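In what follows, chain A forms one complex with chain B and a second complex with chain C.
Right after this comes the complex of A and B.
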């Protein structure tokens, strides 16, 4: 059988002549040196040859495309299933980028919520300011990107209500959060305005415990767990992509469920 | 290709340029695209699985995982899914529209399945004619096609459990859908092991999926063993 690698027609000799200098410049020593450098490259810990830059940027480009598809799939009127109070897991499951032993409790009386960006009223909020607003409760499923899930009961101020109170530009693209544990996060405006997106102050009818975000955390039923920052200290309404902690490490930004 | 022709009785001995290949070119392209994408979906899926295992103590070693940690396994999985779905849909449309499914995969008679299993256990594996599938082959191909469809459905359910909450409750909840997605993977991996092993045992089947295989007689004059 004829080799599939042999061309049907011999190449034009003129083309071969064009490449003669290049072929002559190929040195055996150069190849050996090149091979050794490639071998050394593999040992560089900071350099991951299993994830070349071109593939990484292609995957991130598709991930951004998927963010758009997810935004299209998001139905702002669709409510997440809710459950009876008896199914609430007590205490909730702890998860962060560090161990529960490393949680640094926040002082509730000194705590202030900063508001910035495209809002009319940039006055800072105290815990009692938030408690004075109408409260909403929901018993919803928390779904982690890792695969585990649990049912939790949350009470707090609907983010939509809060954004309306501070005169936020509701046509802005993003609502961004800063936290006491240095876990920046952000969500799209449509998800922020969903009725099951709360600035949560209570869990299971009691004040949030320290490991779960006291005094205030975001809790939204329309996103994966990692889009729910705890110990929120600042909210910004913006049109500039704010990103987030896990997003900067490669995780998808939209993360809608 | 010539050596493939010898010894295959249903094939015309004279050259028939009008005759279809056993595996026409669109099918071959879809097969190899699917092979690559399946490999991506399975190995990246193992990377995602490992972040929160379903079977306690059961991990996939880093060697088998695509993506050096969960974020990149997820990105591979969510990129590969588009290719899997588009290629898979094209395959289903092609299979039904061209009549290939009906011609190659039907009918399946339980008695034939039993007979083939008995023959195989006696190490009697007929493979002189690679243009006709035996009953077990037909059954396995149908199972793996259904498993592929099931993977897309359970995959959509665990990707968007709120937007498709009706589908999730139909599947028995989020965690059940997740286990079904894992089980579907196991079925496909099981198929791949058998499929690849047999293709290597009978290399002309592998070559046929690359070059197209023997040319078939026009469908109108199909002989016995070829339900039209």
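Right after this comes the complex of A and C.
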């Protein structure tokens, strides 16, 4: 049926051609610069549009604002829920940015943990050095940004204790990690000092298995799963934003839970 | 005053929503290398399981687990019903397969080496649903149940989404 609102004489489509440059500037610059309201952003991101770079950077700015708000809200004394040992999932769930067949096991004997940046003692650590430090255990939930979770039991050295031992500047902003699988990561100092942040050496009371980060990985109860690098080979204390693997692809950096 | 505060809170909340939405687009990046790939060509089931870093798991912990299809939609193929050793000594996972909403399923025996652990779930990586349709209905004769406390080794995969 013909719409009753349709005019009898539609405008000549050639008008569009005549004013093409003007219309284009309206669509692009007008909408992006003038109309960059929060509401418009919701609409734009809800649709599958090719995001111009201006939108992309605006969204990243909002993501950084979110990071800042999360950092403000973070309570360094508040503990994440813990669970009984009987609830530990054995074996844990594997995940990486590649499938398990591409895991390259790390030789624990040759492995060294490099320490750099704002620390007094830059001596490299062996596995037995770490094992000789007081060990902490925690049964916590691993929560992935993709929506899945599982309960895991981790044992290792509290990162706070480690940072104190190496004489790290605890007022520095970031603790950054490098890994054997080229998955750089970093967390804020407040989360690094949280009592539920470990340099994990064991899972479920046994040495960490190869696919889960042997010989050492980060496990923190206050961050999403992708902030827990496996096969850690280097730790740096720094004031320069170190970023991370998924963060460089647009994931939020703070990622607190 | 209160109004100003409320609107500040409201715009903060909106900012969170926007950040989340911005981030939803990026989340797809995590599927760059798909998980649960079928065995590489020319590899036996046992060989392909061996390259998936088989991990010890208690048989009793497998019972009742969901069995998924290794595709992004992670369709549920069935549930683990029991674990048996067949005439050749091969470990088979008996899966209640097919049906609709859990009704009308039939048990089929899938080699453990054709499956992977995916957290609390399992996946069948070596057979497509069409191939599984052709599997005979499981009959316990000639097989022996594997005790719940037995530890077997099963390969891993990353999530398929």
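One rule holds in what follows: the second predicted complex is superposed on the first by the 208 of 257 C-alpha atoms of A that agree within 3 Å, B and C clash if a C-alpha of one lies under 4 Å from a C-alpha of the other, contacts with A are read in each partner's own complex, and residues count from 1 in each chain.
Keep in mind that, in the parts below, a residue touches a chain if its C-beta (ideal position, glycine included) is under 8 Å from a C-beta of that chain, and two chains touch if they have at least 3 such contacts.
Here the structure is a predicted model, which means the values were calculated and not measured.
In the overlay built on the shared chain, the residue A:78 is in contact with chain B alone; chain C does not reach it. Touch criterion met: A:256 reaches chain B, while chain C stays clear of it.
Once chain A of one complex is fitted onto chain A of the other, the partner contacts of A:66 extend to both chain B and chain C. In the superposed pair of complexes, A:145 makes contact with chain B and with chain C alike. Touch criterion met: A:210 reaches chain C, while chain B stays clear of it. Shared-chain residue A:101: touches chain C; no touch with chain B. By the touch criterion defined above, A:246 reaches both chain B and chain C.
Counting contacts by the rule stated earlier, residues 51, 59-60, 62-63, 66, 145-146, 148, 246, 249-252 of chain A appear in both its interface with chain B and its interface with chain C.
Those residues of chain B that touch chain A in the shared complex are 3, 48-49, 51-52, 54, 67-68, 70-72, 74-76, 78-79, 82, 160-163, 165, 169, 174-175, 178. Here chain C touches chain A in the complex through residues 11-12, 14-19, 21-27, 29-30, 32-37, 51-53, 55-58, 61, 117-120, 155-159, 161, going by the rule given at the top. Of all residues in chain A, only 1, 48, 50-51, 56, 58-60, 62-63, 66, 70, 73-75, 78, 80-81, 141, 143-149, 221-222, 246, 249-252, 256-257 touch chain B in the complex they form. Residues 38-39, 41-42, 45-46, 51, 59-60, 62-63, 65-66, 69, 89-103, 145-146, 148, 150, 209-211, 246, 249-252 of chain A touch chain C in their complex.
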